[in-house]
């Protein structure tokens, strides 16, 4: 729960260096002003009768500070990308390097290879030196120049490495696991008295990080998912009683499923983790699907990977001693249940299954995401140079803000079934409010 | 200037009909609640020391009302699309029809052909009847199913037509000219005591309508413009002293130029209406361009069509009696000036000129715009059915709001050279703050 | 085996109607001439020492004849699309309708729904009437306006239906199964003395129909497969010891796998049905893969669905009494074998699996395929109107020809490991000639 | 005119080196065989009654020879790209480098910068050293890694340079001007007794080189042109009496205009250099356009840049002393004539003009072109290593062949109005055979 207190961002110390950025110090100079450290962004922008306004909760606004903590000439930065691929990683790396090198004149920049593994010498992934020439064209490619890996590493080993390599700024690009790791690094460094700015850049194609209105990669993922949904629609219409079943990413939150549903306008059923559903019974999903096929002759279903975890059998992963994992995947599970159902009622149905996950996340960022990435990266540099730490760059009401990592990882952002977004899904699919 | 008073939206009268939408009336029902008419959205979300907070300025929040003004069964709606094409027009038409027909059960919907011409019987463009089947696939196509036209028509003739055809809801999709026309229709109807909800949906690929944070079509336009910029970059690098010059839309505001610059990261000079520049002189643009070619061998320039109107010769349109209009187009003008300059200094330069305007605006909406369009359209229906009039659907801090048309058209949204957006352009181009 | 005799095309009878096409009858009229029925295309265009030239084998050249068999005013045509979806089906339907309706003035055209099921009244799929307005925009969509189905239907039932409906021309768009069906219909009709022109249009995304140099849909499929391969490459490079494994269509022939390999230039191993391989052993595939990962750190594998059928376990489908089908899919099988192998040798490998089948075949035709489709369709109409039957439109040395169906379905086109195409694959992948 | 004699390719001398390629020397080895030098491809594949068969004209078939002329270890290659950009240039460079370096083990490869300028030391463009690492990712980008330039350079200066730099193989990628230059280099080298293999790779987005059935870049150009035509169609339908006018490349030949017309199926008038037309008069183009607008309300026109050169005013370039060049561009000229015409008859027409030239040629190659490029490049290497010279790689009836440069540049390939291709255009547009 956000409070007026836990939105406060940590800082390494007083800022005694003058920023090398050539910005204005008063209005009317034809260029942006340095941002005072006191600038804030309201947590709550809407006012509805009967709802407490929370006007006392304010985020720190992101932006370049006139006085900074680190002296560029003595500063060494490091960038690490963690977790699954996401459109825009290379854009983030590129803009971090350009902002550091060209604007702040920090010319000593390391690229850490293969995620947190690269900060643990045990893995033997040496860092690479980054500069504008190396990153010049990387935004044309999907993936990450630096490689990535999953999982945490020992904070003590990492901080020992950071200290030995005299790294002052650490940019951690990743999801909530990565940000928890960043927080652990910050804590360990603080314990050891090593002054390092640990700044997170939120990366989750699922868009499920709190206080980040929209993470980079989502827009591109929606674009590609929409393409797949259109294919599923074509396949569904191309055969008698055709069913197109599309499984998309979204372990805890259905933003990809919901967004692609509204954008494509071709989905008839959208199933997400936030909205439980029953398969069986008169009001269950399968019966509804049958009725639709009987009247329309085809159907398109989009299911987020985290949906249906409440169903019996759907999460059999742990319980199955024989190593049978197929029910762990809701897409495969649904496919089998739908096939079995139509077989059991003696009705022909032509199901086509789509699992496009990797092709959606490994493409280059689209324009929308390119803009987001450039902003996330440059604001992260402003924050780190100002000595902010244990924070990530958030995006709130269209403004970039600083969010303490402990606050950001204290929960997951999800779709409320009572939100306007979900109402948009219901309007697009015309599916019932619930299958019970 | 926005004030606590002029954000108030007009309404046709008391709302005495119960909405047919099946939404919640209290929380916890698993679906969105009807929105109370008192719900508001703050005009100002940021708080910076020394800047007046303006907490008393609040927009009306858009959304479905429990009580509405029009009885669906007696209601006839009309949709008109005006001005230049823009990605997403068909999405807007489609979602208007679906929300009216399927959710509000308004089954009498007219599509007005060729913009306001279609509301003036003198032109002889008959309306078409719209329903879900007709609009089913139109979002796959660019353009507008209804056609469009430029220019105003006599409000008296239009209101006479609307009254004769017994149209109760008029959705006007268009830019600020169109919205001024909508306001004139509203005024004329009010004068005649004809109760009609005139609701605007802001459409401007230039993104220059006030209180609309982002209009639909812009995201798609940026995507296509980025593609052209990449071509210009390739051409510039492909020849000795290559110059790629790209003219983009943006008569009063440089949002397309600026956004595509940051998104592509391949532009060296971005020229927009909001930032004057000199061509000649030691610090002028041409000399800077020469220096760049000498060191880098190539350059990419993006110029918005409204840029440089302060230049001598650039706006000769009216003054030139011989009918010579070539200087009216800043792209052609710049091209000629650059060619002449390099010829005059005896330096070879290979300029390639790109004017992609129509190919950028006539494509189908991308995912981002599809989402926007669906929202703009459905919120417009909620507003119109509730009897709101003389308003357009705005988008503010990520929330859809109602904006009185007179307020929206009282000025144009532009890029402040002191904004973060322009700082992003300067970071991407590394061009000087000014050419003087 | 092709011979001078079995390339002869059947014809329904003497052609006594003058074609309504306005073409030239002598050169120099500024428009194409009618094609004499004697025009031929050589089977063999290359001449290599020591190889028999076969100059006596000649295909009938496709094109409009001056004298035709059917009188347009009394002619009813029917179009049926069968088998799996393929990019371009709608283009073929559209060009068939336009050529029949606009050029030959055959205005009575039926679209048969859901493949051969639609020709069997037992299924109750009524035909739809086609005309230029209905097909105007269908080429923008993937799939087929008419729907499709798999499998044969009873020729007697079909011919009874055709006769009752007085259909004179039947265009069968489909693969070799469909063409066999078309031949059976022709035989049955001939037996019953019913004069119908049965003309096939070869449709196989696998490109495996004999005497058709390139079927429509392949070019689009390659374009989409290339996109997936690039994603696989990005994923492979994005993780330590990353492996991207892509399964593509190609049951009997590896044209998609081979073409996309050469086009993308990012594949390290291409496995096709025509080239057997071993997984185990020192020269086996798995050991080679291990060596590559050790030196390069990543690998991309493309496997055609029909590859590896010689492997033990790979074709367990029939033998497995428990209904376990997973080994029937070579993609899943390879994935499991690779995972097990690296686990067994204690080496970390990050495999990402891609199975893009349906998204590749349900998209609209690209330009290349659009051109092919228009030609296949219009040449099919010329042939049918001239009374040719039991034939399909072939494409040989860049020229469209008539191929008797029995000849076309007498075998499958495959990639010879000794061909230039396969040499191109080996050059692109640098994989060994064989894994033994 | 092609004869049995002038298809003979020059060779530098006897081939006494054994090829390092690991190919087969007899069938059944599971890999392609070396190609005997006597392998041929028929000039003529069609046989039509009354047309002379020309069976004695045979091209030399391209492919790897078992005995080669140059010893790889002593061989230095150079690559030069000339003329306007074209999709696929980087693919050609990349495959040349890979085939030379990896397969023939020629490790000394120079990239000549900025076309023939780079072979003339006077320009001071130093060559760059190429290897597989440098070219690894260049096929993802449009343009050419090496830059290009237009125009010829002095052959004597070039040969002096080639000799000084000890270059043995020169690959000239370019259109007929470039190939004429290559021939001049060959002639000069021969005169001086310098043994160099000069091998051309035909590059013309216009597809107008003789004996090259399809040049690389055309397929991509058609894809992009189709997109523009669809935009033009949308714009034309979006306004009353809308006209979309698209100017495309094609100075001497209308292949892009014709191909994109058939592929898009949305063009109503296609104007190419090969088919003269009148604008005025009852059967002229303008009157026909008027009639169409009156009945259909919109029209799409595609005009190739070289069309209409026969029109008065259209080629005023040289004659206009005042420097007025606007009539030299047929697109601008047509636009003005159409506007003036409708103004003169008092009819409103909304013309939108599209000139997409550079955006069509600077994009990366699509799959079709990627395949072509790889083949052109590798066959060029086989030819050059075998000592073939003064030749280019042709493509005939689907087979790659060797064509003597003098033969290839002796004329331009054009569209015959009596060809099947033009019949396809007439079928797609339904335009009259001629406007007279």
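For the reader, a short list of remarks on this structure follows.
Per-chain numbering from 1; labels A, B, C and D assigned in written order.
As a working rule, a contact is a pair of C-beta atoms (placed from the backbone, for glycine too) under 8 Å apart; a residue touches a chain by one contact, two chains touch by 3 or more.
No experiment lies behind these values; they were computed from the predicted model shown.
Contact with both chain A and chain D is made by B, C. Each chain's centre was taken as the mean of its CA atoms, and the one lying most distant from chain D is A.
Rounded to a whole number, the gap between the C-alpha centres of chain B and chain D is 41 angstrom. With centres defined as mean CA coordinates, chain B is found 29 Å away from chain A. A straight line joining the Cα centres of chain B and chain C is 46 Å long.
The set of chain C residues that touch two or more partner chains comprises 141.
Across the interface of their complex, chain C is touched by residues 22-24, 27, 29-33, 35-36, 38-42, 45-49, 58, 61, 63, 91, 94, 98-99, 102-103, 139, 213, 219, 222-223, 226, 259-260, 262-265, 275, 366-368, 370-371, 374-375, 378, 397-399, 417-420, 422-424, 426-428, 430, 433-434 of chain D. By the touch rule above, chain C contacts chain A in their complex via residues 85, 114, 117, 125, 141-144, 147-149, 227-228, 230-232, 234-235, 237-240, 352-356, 358-359, 362-363. Residue ranges of chain B in contact with chain C, taken from their complex: 137, 140-141.
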